[in-house]
Amino acid sequence: MISFIPELEARGNPSTTMNFLVPVIAVTLTILTGSVIFAMMGFDPLYALHTFFISPISTSYGISELLVKATPLALIAVGLAFCFKNNLYNIGAEGQLTMGAVFGGGIGLLFYDTSGFWILPLMIIGGAVGGALWGLIPAVLKVRFNTNEILTSLMLVYIAILILDYLVVGPWKDPQGYSFPKTRKFGDSGRMPLLFSGLRVHFGIIITLIGVFASWFIFSKTMLGYQLKVSGYSPIASRYAGFNQNYLIYTAFIFSGAFAGIAGLGEVSGPIGLLYRDISPNYGFTAIIVAFLGRLHPIGIIFASLVIALTYLGAEDAQLFMQIPAAVGFVFQGLVLFYLLGTELLVNFKIVFRKNL
Amino acid sequence: MSFDVLIGVIQIILVATTPLVFAAIGELVTEKTGVLNLGVEGMMLVGAVTAFVTLVITGSYTLAFLVSLLSGALMSGLFAYLVLILMSNQVATGLALTIFGIGLSSMIGKNYIGTPIQGLNPYFFVALSFIIVFLVSYFFYKTKLGLIFRAVGESHNSSHALGYSVIKVRLMGIIFGGCMCALAGSYMSICYAPMWQENMTAGRGWIALALVVFATWKPGRILVGAYIFGGVSILQMNLQAWGVNFPGQFFNMAPYLATMIVLIIISSNRLRIKLSAPASLTIPFFKGR
Amino acid sequence: MLRIVERPLIKMLNKQLFLAGEVKMIRLITLIITILGVSIGSANADPKKVGFIYIGPPGDHGWTYMHDVGRQYMESQLGDAVTSTYIENVPENADAVRAIRKLAASGHDLIFTTSFNYMDQTLEVAKEFPDVKFEHATGYMRAPNVSTYSARFYEGRTISGHIAGKMTKSNIIGYIASFPIPEVVRGINAFYLAASKVNPDIQIKIIWAFTWYDPGKEADAANTLINQGADILVQHTDTFAPCQAAEKAGILAFGQASNQEEFCPNAHLTAIEDIWGPYYAQRAQAVVDGSWAEKDTWDGMAEGMVVMSPYNAKLMPTDLIQEAVAMEVAIKDGTLHPFTGPIYDQAGELRVAEGEVADDFMMATMDWYVKGIDGELPQ
C-alpha cells in the first residue's frame, strides 16, 4: 500500500525529465478530477470535457481568442520568472499591470486627438515605466528596510487599484461621458493594431513573444541571468561569488514590473481603448499560476499560459452550452496548481518504496 | 453626537469587524508556526457557503457551524498536506487555495443564492472573538505548548533538534487557522449579512492577512488593528451620512498604506525583526537537511 | 412516420382486395403529403436564438434576476419561436467581447447585454456581425444593429418618495447609494423632490457604498443610517441586506429591482420592479417578424417596464395606498412628471423652469443634486 506520507530521498541533481513531466502529470490529473466532478454534478463527463477543452479552440476565432487571453498571462509570467527564480515573491503583478495601464493609458489620453506612429510606442514605454516603478517600491523596501516583499507587493496591488479608481472617477473622467466612470477613448494611434482582420489577435502578442525571447536570452546567455539563477539557488554562494544582491533585487523587480506594466497597457489599448475601473480579471494573480505551471521557463510558460487561458474559455463554453456554472473555471485553475505543486517535489526528490521487513 | 448614536456606532463597528478578527487570529496562529497561508479568502468563502447551505437544508444552526468548521479544516488540511508533506511552495499553494475556494464556494452555493434565512444574533460571536484572542494570547505566552509553537516558528531546525515535531505543530496551526477563517465566513453568511451571495467576503480575507502583519504577529494587537481598520470604514460612512465629504478612495487605501508603514518600521530595525515576524515564515522544513 | 398514415388508410380500404400496385400508390401519396406537410411547417418553425449576457448570477434576487425573469417571460410568450441562452458573471472588461462574440458566432439572432459597462464591447462585436441584432441595457451609443433600452426607474422613486414623505416619523430617510452615476443621482433627486413636496422637513442621509453588491457593507451602511435616526431605508444597491437590516431594526424599507417582501415582510413597503419581459418579448418578436429596427427605448410605468410591488397593506394606511395608485395612474398618463419645475440645484441655479419638465437629456446626464439635499456628490 502506498503510504500518504511518502518516503523521500533527495536527488543529486534536479531531474530534468521530471521538470517536463510534472506539468503534464498535473494537467492530466486535473482533467481526470474534472471528469469526476462533472460526473458527480450529473453531466456527461466526456461531453463536458469536450466542451471545456476542445470546443473553445475548434474554430480559428477560438484559437485567436485563446491567444488574446494567453498573451498578457504569458508576458506577466515571464516577467515574474525574473523574481521567482531569485526567490523573490512578487505577488504584486496585478498592481504593476494596473500602474502600467495608468501610465501608458495616461499618455494615450494626453494625445487622444493627435495621430502619429510614435504614440503607441510611447504608450508602451509608459506602461513599462509605470509597472517598473511600482515594482521598484517593494524592491527598495526590501533592500533598504528588509521588508518582506510578499506583503508589500500585495498591499500595493490594492493601492494601485484605488489610484486607478480615483483617476477614472475624478480627474480623468470623460467630459462627454455622462459622468460615467470611464476616460475618453484613446486616439486611433493609441490602439494596438490588429494582426489579422476579423480576429482579435493584436500586436500585443508580438510584444509578448519579444518578451519571452528576451527573457530566454537573458537567462541563458547573459551574466545577469546567470547571477539571478545562482542567487536563487543559493544566496550564500551568490554573495561569495561577489554578485551584488541588491542590484539583482532591483533588476528582477524592474523587469517583472515592466513586463506586467506592458501587459496592462496592452489590455486597455488593445481590445477596448480606454481606461475604466476594472481592467483586469486578476491576470496578475493568474499569471503566478502560469509561471509556476511553466516551471519558470519561457517555453513552459507559453504552454502554461495556453492551458490556463483555455480554462477561462472552457468555463464560458461550459456555461453557454451546458449551463455548468462559471465558477468551474476557477476550480480547474486551483486544481491544476494543486496538482502541480503537489508533484513538484518529484523534481528534487525521489519517492522511495521500502519493503517492510 | 448623542450617547445613543455613539453606542449605535460602536455596535455597528463591533459587528462589522468580527469577521476580520476571526480570520486574522487564525492566520496569526498559522504564521506563528512559520507557515504563510494566503488562502484566507478562499477558506472564508467556503466556510460561509457550507454554513449557509447546511442551515438551509437542515435548519440547525449548530450543525451549520460544525459543518463550516469541518470545511475549514478540510481546506486547510489540503493546504497542510501540500505544504508540509509534499513541501510545495507556500505562496503559490495559498493562492491556489484562494482561487479554488472562490470557485468551489460559487459552485456549492449556486442554487442557494438569494434564499432567505433567519439570521442569528451576532453579539455572541463578537464576544467569542474577544475570548478567542485572549485564549490565543494566553496560549502563546503562558503555556508550554504555545512556547513550542513559537519556537517552531522562529527556528524549525532548532526545534526539531530539540525533539519537537515540527510537522505536527504546523499542522495544528494550519488547521486552527482554517477553522477560524471558516468561522469568519460562516459568521458573515449567518449573522452579519444573513444570505449567500457569490464572493460575499469581498476581499476581507486579504485585509485579514494585512492585519496580521499590522499587528506584528501579536494577538492583542489583532484587536487593535482590526478595530482601527473596521472603525475607520464605519466612521467614513457616518461622516458621509452627516454630509461631510472627502474622496473615498484615499480613505479606502488607508488600511493598506498603514500596513505598509508598519511593515517598514518593524523590518528596518534588525532587532525589531527578531521580535516580530516568525523567522522561519514561508521556509519549508525538511527533516533530512 | 409513414406507417402512422398508411395503416389507418389501409385498414379503411381493407375490405377490398389489394394489388401490390395500389399499395405502392398509397405509399407514394402518403410520402408526398408528409413531405409537403413537413416542409410547410418547418419554413416557419426555425426558432430564433436569443442570447443574454449577465453581469451577475440570476440568483442574485436583484438586477440580473429580473433580467432572467424577463427572459423566461419572453420564452413563455413566444413559445417555439425562440430559444434562449445566457452567460452569467461576465466581467465588464475586455473578456466581455469574447462572451458576446461567442453568442453572436454560435447562431444567436438577438443578444441582450445587460449592463452599462458592456457598451464598447457590444458595439465592437456588433460591427463584426451586422446581421445579428444587439440590445444594450442602460447605454447611450447605438448602431444600425444596436439598440439601447432602459427603464424610467426614477418614476418609481417618485412614488417611493411620496410614500416615505408621508410615512416617516423621524423625518430622516436613509439612502444607500452605489456609484455617483446619473442613474443613481436621478433616483435620489426624484425621490427627494416627491418626498419634500409632501413633507418639507424631510432630510435624506446618503451613504455611497461604492459597490453594487457587498452584503456586509450594505448592512453596515443600513445600520449606520438607522443609527443616525433614519426610519425608512431606500437603496440603489443590489442585495437585500439593507431590507434585512430594516426588518431587524423594526423600521421600514423599499425593495430594489425585485419584490423583496419575503426578506423583510414587516418592513417592506413596496419595491420598484424592473419588468423587462414584455420588452424582450416585443423585440424578439420583431426579430422573428423581420421588423427589428434600431431604436432607443426609455420606457417607464406607462409601458409597464417599471412596476411597483404590491403596497403593503399591513404597514400603509389605505388612503396613502390610494394616493400612490393615483400617482401611478398620473405618471402613466403623463399628467405627473417626476421632474416638474421649478427645480433648483444645490447652488441655487434654476435648472427647470416653473411649469416645465426636465427633458430626457437633462435626466440622462444628471450629475447634480437638487436643492435641499445635504452633502456633496462624491467625485
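Should a chain be cited, it is by its letter among A, B and C, assigned in written order, with residues numbered from 1 in that chain.
Please note the rule applied: a residue touches a chain if its C-beta (ideal position, glycine included) is under 8 Å from a C-beta of that chain, and two chains touch if they have at least 3 such contacts.
Everything numeric here is computed off the predicted structure, so don't read it as measured data.
When you average the Cα atoms of each chain and compare centres, the chain farthest from chain B turns out to be C. If you tally contacting C-beta pairs for each pair of chains, A-B comes out on top. One finds 39 Å separating the Cα centroids of chain B and chain C. Inter-chain centre distance (chain A to chain B, centres taken as mean C-alpha positions): 27 Å.
As a whole-number value, the distance joining the C-alpha centres of chain A and chain C reads 38 Å.
For chain C, residues touching at least two other chains, in rising order: 89, 379.
In chain A, the residues that reach two or more other chains under the touch definition are 169-170, 325-327.
Multi-chain contact residues of chain B (touching two or more other chains) are listed as 110, 198, 247, 252.
The residues of chain C lying in touch with chain B in their complex are 56-57, 59-61, 65, 89, 174, 205-208, 210-211, 213-221, 223-229, 239-241, 244, 248, 262-263, 374-376, 378-379. Across the complex, chain C is touched by residues 59, 61, 65, 68-69, 169-170, 178-182, 198, 200, 267, 270-274, 276-281, 312-313, 316-317, 319-320, 325-327 of chain A. Of all residues in chain B, only 5, 8-9, 11-12, 15-16, 19, 110-114, 116, 119, 188, 192-195, 197-198, 200-202, 204, 233-234, 237-238, 240-245, 247-248, 252 touch chain C in the complex they form.
Against chain A, in their complex, chain C makes its touches with residues 85, 87-89, 91-95, 97-99, 101-103, 105-106, 116-117, 120-121, 124, 128, 140, 179-182, 185, 364-365, 367, 379.
In the complex of the two chains, the chain B residues touching chain A come out as 36, 38, 42, 78, 81-82, 85-89, 91-93, 95-97, 99-107, 110, 198, 203, 206, 209-210, 213, 247, 249-250, 252-253, 256-257, 259-260, 263-264, 267-268, 270, 273, 277, 281-282, 288.
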